[in-house]
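Below is one structure, written out as structure tokens; the observations come after it.
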């Protein structure tokens, strides 16, 4: 008898029961305002992770020593945002109830809302660390409330002032910058320089960590729907996400906005793979 | 003083008031189930139409002798299908009330529903001629009712049995084929061979004509989200759309499912441009 | 508890035990002389099969009524042809011994040799039907004996004269054409026109069926390492492979030489998916 | 000592002195009105010719039995059309004086004018056979007289009425079609069907043969600056160019308008290579 | 009645009369020596500017508070450099006479000569600040005087020694470097480090500012015809162009050498858009 | 009579006899484990070198003052690693015996083994400086000993401990890092910072210099089969290779792992060209 060869993210071949972390893809991009295609990220990341090794010389850790279940991609109802969000929410809720860490691969950034809904119900004291090029603080986008451009504002609707910590942002409407700066979020635009400084105060608190990969400069990460020049470099991002995952009580996270058809060279997918690997390794307790 | 150089589809530079035909783009692809990108079709077609001439040696007619207004692309709320459809419906309604012919460039096929809603209100006896590779007759797609895969079924909800004439279809679920064949639509799968035969019976009746360009074989038209091999060739399609537009009372029409980022060679956009030109010329009375 | 979402070729979700057909990928292209990349075919075909339906209106059959196990891609030792061939041979042998039909997705054409070795041992009276643009009858290629350009010659070494039936071939060295025409193979170059004519004589005999997709014209199938203009069209190939699978005793088969990175439009992968679906449906007894 | 490995078109490794045919590239595209890039054709054709064989099973001839010198690409002054044309003219003149056949690989179609100037001086009774999608009969293009869109009109300026035989044309301005039809050229639009019919009357006369590859349908040949759907298929073109080269007194020829960067799949370059091979073989006396 | 939806660079929707700045495209690339395609820059920049916001958090300014007229692309005679230059010159002259600032989007770098001719006539004391990877100081290129590789030399012919300030240059012939260094230009190769230092001395003088975007490193800006590794990063360029536009009396400017077909990822177009936005905002008085 | 226009790397047009350096391509990629295509590097580098100048303003040296013979690409037996290695070995041996420096353009990294075999026979005291993202120290890769992933280990088999100096490495299996660190190689992972420090001790000794271009960050060099984020930038690499070539007794070298089809923008090829130019200039004594 022959066994099926199944594709997981490299080194993530634990079963659900034994796993500490559950990796899952959320292939959704219906509200993307510019170039769609992030729906293909989960599959691309799984495919190209085999260009990586399981071992990280940066952390001297190996995925083979972790227990991670790769659920694969959810089957989502492209075209109906509310249906999609509730599907994600249900999945995240199950994982959280089973005392595991949900690690989502977007999709567009709106998918974060589904996971945050589940996380905030479980952890009412939830904080969010948000790395991004864009504010994502609109009240709506051309009349659409459930939009990638509004996702952090929608998280704020749940969590309120002082809970969301934003870094690296360099694009948005004037009103969004003003709103953030007026104290609704803990706002650190342009770079990640301030990120290490806030880690002490978040120590021990439940934190959801959402990484929009377009926080990177397009030279490093061209494969995204709305490239925004002037971002951070790879080693800076890698160091920071490692530090966050290492030192805080991360109860859920996501990495989103990789758009594989926007970058035929594959380097953007390689960047996403390596960021995910380093996060997975740093999350290991 | 210098005047703005404005880009229209080649030769379509009439003003709205004087125009017989109003060309407009509907840049929407949120329910696309496979590869998105049809939102970019309107702009691509306008750009690349300058690779064409205004003169057609096939019909010995010239766009310079027509009165066509190119409205440009509508500004649509990516991510909210109902909002988008009502925006399209409103546009089509205005054009129809002004006794002009609305000619829409999709976007995904769902956009047809907006235009058909307006057309069916104005012309309750409306017929639809539908060229496509796919049945588009689902009741829903993963629970989503407003889906490109359901658009013709949604038109049938408005018009009922016997009003929709389908040609070229070669893909769908068994239940869709059975439903069509049980008489709900006038169903002629695989080729356009039967199309000339139905023209006499439709003579003079108000007809909405919707052309999903994936009715073409992917060798001719690879630039579409879901290429389906085994389709018709270019000259066959060109001859048939010309004949339909020439001989029937077309009161509205659309050409959809061109996905420019799916074909870097540009040949699919060239095909769309030429089909649109021939239709525009044939619609001239 | 959450279950892993596993990707198979659409509709091929039977278990190994219950299956009649075993689909497996052979991701190998080390001897490709021009543009490599066929190693990615198995994964691409599995991904893009979801742009298809499980139902074929041509045959009025549905993959959901078949029992097919998709093994996934074999893990092959890129760079060592003999190791790779023996891995394929072992897999095919197991499947054949379990009275199932091995259906391989290449990879370059050399992979056929592994499967034919297993098949010929089980069925010494084996015949091969070979569709291709190229003769593949070299004795070696720049001194390399195990080469895609020699694969049919290597099969002939096992089976001898009169057992190999070649169709559609339009490229090769003069000496290869001469060798074929001198009676070593049953040689029908340029088209598939003669294929129906040989089916009666092969009735009931064990036949291995190998389809090099470059038998298609590059307009239909640009995504291959060595496109050779002047090939057959899609419907002709589809009709012929369906007929072969329907009417003969096919004991093993393969579809090879899809090179996904050679065609960004995805139409070549769509063509491969549809040919595979039609073959799978026609093989159902 | 080690010898340089030099790249020629496959099988074209004769020295200049012994050669019957001189192949040379004219990498120029400065007047291209839509998508430039034909300047890369010569190099691409030389590279990709190794995906072909030297042997043609259609003609049962082999390039290894021919004496063809591949000069490589001329070094042309991109940006100055008159300088470029005189460089081409000088090259063609030398080849013609040495009683060899100049076979040019464009470049855009304007390059033909250089070769025709030289040919017409040597053969005042020269005829031209012109295969193309476009009339190329403008008097100027936006005020530019030396334009690819005017090249055949410029040849007519040299040769006058009745000497130019045009086939396959399906695009142009109304005035160009009218001018051609009024008897200035021997005009056979849309197909190559009439081409065999004119061969008898041209028997023995000196003929320059210019093949704009966009006469092919874009499904076969997407890699060109201005794809024009509705063209001829590959086998039709191959048969006709073979027949022309076989039966007439061709004293010079060119194949132009391949734009390699317009087609990443490489199939257009493969088509160009095979047309060139068949022409070279048919020209062998 | 329905109004045409017209595409401008984001936020640049003033009328000509009221505008302070006139943006216009110069789609010309006939003398490009390596990979052509800059002719498509104007249209690409207009399209992709919608991935930006009108607000700059760097300058805390908003395009909605500026008065900029986007003229669109000029219609230029591809293939005749002198005709093209005089067309550009005429346009720039009209804008300058109307006391507005002409802001040109190339095209290849040769287009600068047209604008500089007009500017130098209006401002005989004109200085030029030139950012580039290449010297552009040839006397001719393969015998062609009007060449992108000679454009700054041609400007020098008008302005003479000491008026041209060059930064970032890292490629050229030895003779060009020697000529520049001998005092003909104010020459600061390799970086922009010296740029702030020259601003005081140029204060108040009329300055034409020409930015060849290939001054950027190809990692930031791969979409250019002749990528030259070793350039400056995005933030450095952004800071410097902002400073120049803010502190000097810029009377005309251009941004050139974006070649959209050279970068399918779109990041180069995004970079161009953002540089243009920051320059437009900084030019606002 | 007309002379053939032959393509060399820019400025490398010396004859073999007079040359100090022999440049040759090794178009082999059969053991590439992820994305193949490095076989096309030699030709791409030769083509695109014309986007460079022969003059380096960094070193103030000019290729026109060097004597370099460009042999072209070797004709290698794709698919048989041992055959390929011995072909490379023979070539390198001839060049070394003729007292010239063999400069190889890969191909995948395995090709280095051929050249090192020849060099080590000639220079038993040979040292290797190895720049790379990957350790390349596996004992085998899926059972294949002759693998790009094992090439440095295979060199160590010849040279033993203390002779191989590795820099920039940031990916590998834990066991490879442990093996290197245990003293088998002189191991300096992550950066090139330690490279200048070892130059004094290597002064005068025979050194083979192998540069795997993926030591660069993928933002600079996306065109490689296995992009590994976190690498060095262009100027750092350029400075270091120049210093190595300038100050040491380099007796052979190679630049490998450029995969042109992995980067349509061409910037990776430009990077390779410039690194090669700077090395050639620095090697000039």
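Note that the chains take the letters A, B, C, D, E and F in the order they are written out, and that residue 1 is the start of every chain.
Here is the rule we go by: a contact is a pair of C-beta atoms (placed from the backbone, for glycine too) under 8 Å apart; a residue touches a chain by one contact, two chains touch by 3 or more.
Bear in mind the structure is a predicted one, so any value in this text is a computation, not a measurement.
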Intersection of the contact lists for chain A and chain E: B, F
Chain hops separating chain C from chain A, counting only touching neighbours: 1
Recurring contact interface, reference A-E, options E-F, A-C or D-F [over half identical by residue number]: E-F
Same vs different contact residues, chain A with chain F, by half of numbers used: different
Chain E on chain F, rotation in degrees - Cα superposition, rounded to nearest 5: 120
Chain at maximum distance from chain E, centres defined as averaged CA atoms: C
Separation of chain B from chain D, taking each centre as the mean of its C-alpha atoms, in whole Å: 38
Chain centre separation (chain C, chain E; CA means) in Å: 55
Chain A, residues touching no fewer than two other chains: 35, 75, 217, 219, 264-265
Chain pairs that touch, as defined at the top of this document: A-B, A-C, A-E, A-F, B-C, B-D, B-E, C-D, C-F, D-E, D-F, E-F
Chain E residues within the chain B interface of the complex: 1-7, 16-17, 22, 43, 47, 69-75, 91, 94-95, 98, 264
Interface residues, chain E side, partner chain F - complex: 34-35, 169-174, 177, 189-190, 217-219, 222-223, 225-230, 262-265
Interfacial residue positions of chain C with respect to chain F in the complex: 29-33, 35-37, 39, 75-81, 83, 141-144, 146-147, 261
Residues on chain C engaged by chain B in the complex (per definition of touch): 50-55, 57-58, 60, 62, 217, 219-220, 233-235, 238, 264-267, 270-271, 274
